[in-house]
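Structure below; questions to follow.
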Amino acid sequence: MLLSIENVTTGYEKAQVLKKVNINLGKGEIVALIGANGAGKTTTLRCITGIIKPWEGTIKFNNQKIDALESYEIVSLGISYCPEGRDIFANLSVYENLKVGSYLIKDRREFKSNLNQIYELFPRLQERSNQIAGSLSGGEQQMLAIGRALMSKPSVLLLDEPSLGLAPILVESIFKVIQQINSSGTSVLLVEQNVSLALEFAQRAYVLEKGAIKLSGESKDLRESVYVKNSYLGIK
Amino acid sequence: MVIYILQQLVNALSYGSILGLLAVGYTMIYGILGLINFAHGEIFMIGAFSCYLFTTVLNLPWVTAALLAIIASTISGLLLERIVYQPCIRRGGSVLTIFIVSFAASIFIRFLFMMFFTDARRAFPIPAFFEKIYFVGGIAIGLRDILIFTTTILIMLIVSYFVKYSKLGIAMRAVSYDKKTASFMGINSIRIIRVVFVIGSMLAGISGLEYGLSFGIVNPSMGFNPGLTGFIAAVLGGVGNVPGAMIGGFIVGIGEILFVALLPPIYSPLRPLFVWILLFLILFLKPTGLFRPNVKFEGDWGE
Amino acid sequence: MKKFTSTAKSRGYYIVVIIAAIICLALIEKNIRGFYLGIFLLFGINAIICLGVTITNGYANIFSLGFGGIMLVSAYVSSLFTLPIEYKSSFLKLPEWLEIAQLPFPLALLLGATAAVLVSIVLVLPAFRLKGHYFILASIGINIVMANLAVNSRSFTQGPFGIRNIPFITNVWWVYGILFLTVLFMWRFTHSKFGRAVITLGKDQTLASTMGIDIVRYKIYAFVIGGFIVGLAGPLWVHYIGSMHPHVFDLVFVFQIIAMLVIGSFGTISGAILGAGIITMFTHLARPVQEGFKIFSFQVPPLIGLIQILMAIMIILVLIYKPEGLLGKKEITGQSLQSLWLKTRGKKDEA
């Protein structure tokens, strides 16, 4: 297992959010974390990236415990995070955003080749490379956020609600890109509210409800599950 | 009359340079931390005063003393950051708390020096070759003015280039905009903040040396007024905006000099007023300063 | 045991306390002089200043450092009406009506406070346009601008030399009378609808406006009331010292007041008074140390500035380790004293 969350219980201040959560991400997988608002999906990602610490349990990456590390240390191990709401640096240009993304890359040539790869994935970004990121459209910002997260060639990409606020056509193309990224070696842990989309692109999924894992398994099985159909796919 | 004004402008070049460097230091620190380093003016003082101490007490040659002075001010800035600001930030201090802490820190440094050295004004050591003066069309242009001005412009170009194009510079701008997201890029914000303090304090120290060369007099309480004026210049230029701060410094410097030069002498004591009125005017017309600020949240504590 | 509510019994307690306080003040006035009387008076005046600043900076959360300039104005204005005429005609160049004006202290005091109010109104208006740090900068500017104006209005203020021969009117009754009234006012204020609106405003502006509180109006009120109170303290101060100059309420002075509030607390009455007490005592008792002293027959030279240095260190330590101040958000009230008393006697409070 590349990334594993083992029996993690955590929350904010006095409010508990996650309860004994177990999630695994294997090499080369796309795994989805689905659930309603407030179920704890974003909290899970925040726990992985070190913003909040687990009260109980542990998080391992490549069999190394990472739950006591600082965020920037976790990232340097090869985990990239694309938060909900994109959080691009609106005061920097597209190019500069991507450059920040490759902060950990020491080699100039490696940076240049990564940059070219991202521009291939997202030609729109190359067109706007000198534009101030704050002036991009929602879809372009999402592309920038993902591209930026990829600049460090991470082994794991954590995506929080990439489809949020985007037109369906854009969503399709972004998910196609996610597939491309995955086939070139990056494992993806995807938090998504759009359940059918998530189950279409992920191999496995976990259903999170009120901070606990309710169901988990292969996507094709979950798609057929009566529970998932009723609660999340609106099929009676 | 024209000659007189031109002469004043030449003097203003040095003064504007000094203020500009101070302003840039302020604006970098404000940009990255959202905190006014009230003690910045005292670091400026440490730069000037320690150079004086190194030459008179330790009898070092001027160049060595100057370099040591810059090191002294850099270390002071670092100590300040590590001992005072970092603990506050780590404990989640509000912006207000940090402001009061910086106010207290500035009082501490100033009175510490006053206690050990008394506030008597001392003559700043000026090496002989700095005293050369050229005459161009009836205007006296000192070698010092030229050196100060060119050094400052050079420093400014280097710093601007660094902030805009280098990896560290882009990281700095990312951290000032959004510290948390920057950490997701693998950036250790604490290290970056330290780098900013180092650069800012170095600039303050250099500014102190320039002041000493220009005005020739140093004393422990010399940091307060230039510090405040430098901060005003930074605000004028838009907080967090490095080139803006430099320009702001020159505007204030030239403005002050012209104010005294053009108005009848009875108005001269009102010179400090001019700076404040300028500030009030600009804040009234354009509350965020002349140029685009570089921070996400505009200094608002209405949380 | 009944709680300390507004019953006749508790009113009785308060009246006893007040009578005891008056007797104490009379005793103090009769017997204590000089150095210790000075500490006592300055403590009271500092407490008044702190209370005034608490309303503006604490309750209404408008962090302003401009009260130094406001006090400067109130002090100058009031003394112009109490200075002996011979002094005014010899040293100042005033318009005739002002030169011969001689008002009893209460009127002069009120005039001074009114001037303070006027300055406050002018100062608070930009607060709406300027945010956070910008406003603080502007408020610092007010101090410097006022001092500069004072230095340059020789005919009114004798410029940098300042004015002397201000009559020594301040005594325990004035200071503690006004302090008592201020505390009473603040107590009623925090329990009134008006006061609670201001406090809500300070805590969360958006919440306050959704509750229908007119932000602009209440902010102005809070600022002006705070200005009035510190405007009372200014004349009290200079009529104790007997002289003043443009830098008497400079940024170092402002710093000391801020130190009091940092140590006490920024949003409570007892915090303001406690902080004022601690710092006043510290500054005065430490003064002889500053002059130089002997340890084991080793003569330590005068260390001018030691007081400020120590205060700065204190502020920094408090802000790092206990940013809420020593008292935090709690007030010392009859109730809290009662429960403290019960606790020490080992009984449980029937809360």
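Labels A, B and C are assigned to the chains in the order they are written; within every chain, residues are numbered from 1.
To be clear about the criterion, a contact is a pair of C-beta atoms (placed from the backbone, for glycine too) under 8 Å apart; a residue touches a chain by one contact, two chains touch by 3 or more.
Since we're looking at a predicted model, the values are computed, not measured.
Colleague: If each chain is a node and each touching pair an edge, is that a line, ring, star, complete or other?
Modeller: If you draw each chain as a dot and join those that touch, you get an open line.
Colleague: Closest chain to the protein's overall Cα mean, using per-chain Cα means, please.
Modeller: Given all protein C-alpha atoms shown, the central chain works out to be B.
Colleague: Starting from the mean Cα coordinates of subunit B and subunit C, work out the distance between those two points in Å.
Modeller: For subunit B versus subunit C, the centre distance works out to 33 Å.
Colleague: How many angstrom lie between the CA centroids of subunit A and subunit C, rounded to a whole number?
Modeller: 55
Colleague: Taking the mean of the C-alpha atoms as each chain's centre, how many Å separate subunit A from subunit B?
Modeller: 43
Colleague: Which positions in subunit C touch two or more other chains at once?
Modeller: none
Colleague: Mind pulling the residue numbers of subunit A that touch at least two other chains?
Modeller: Subunit A, residues with two or more chain partners: not present.
Colleague: So in the complex, which bits of subunit C are touching subunit B?
Modeller: Touching subunit B from subunit C are residues 61, 63, 126, 129-134, 136-138, 140-141, 144-145, 148-149, 151-152, 204-206, 251-252, 255, 258-259, 262, 303-306, 308-309, 311-313, 315-316, 319-321, 323.
Colleague: Write out the stretch or stretches of subunit A touching subunit B in their complex.
Modeller: 49, 51, 70-72, 75-76, 80-81, 83, 87-92, 96, 99-101, 103-104, 148-149, 152
Colleague: Report the residues of subunit B in contact with subunit C in the complex, numbered from low to high.
Modeller: Residues 30, 36, 84, 87-88, 91, 93-97, 99-101, 103-105, 107-108, 111-112, 114-115, 118, 224, 228, 231-232, 235, 239, 269-270, 272-273, 276, 279-280, 283-284, 287, 298-303.
Colleague: Could you list, by residue number, the parts of subunit B that touch subunit A in their complex?
Modeller: The touching residues are 167, 170-171, 173-174, 177-178, 180-189, 294, 296.
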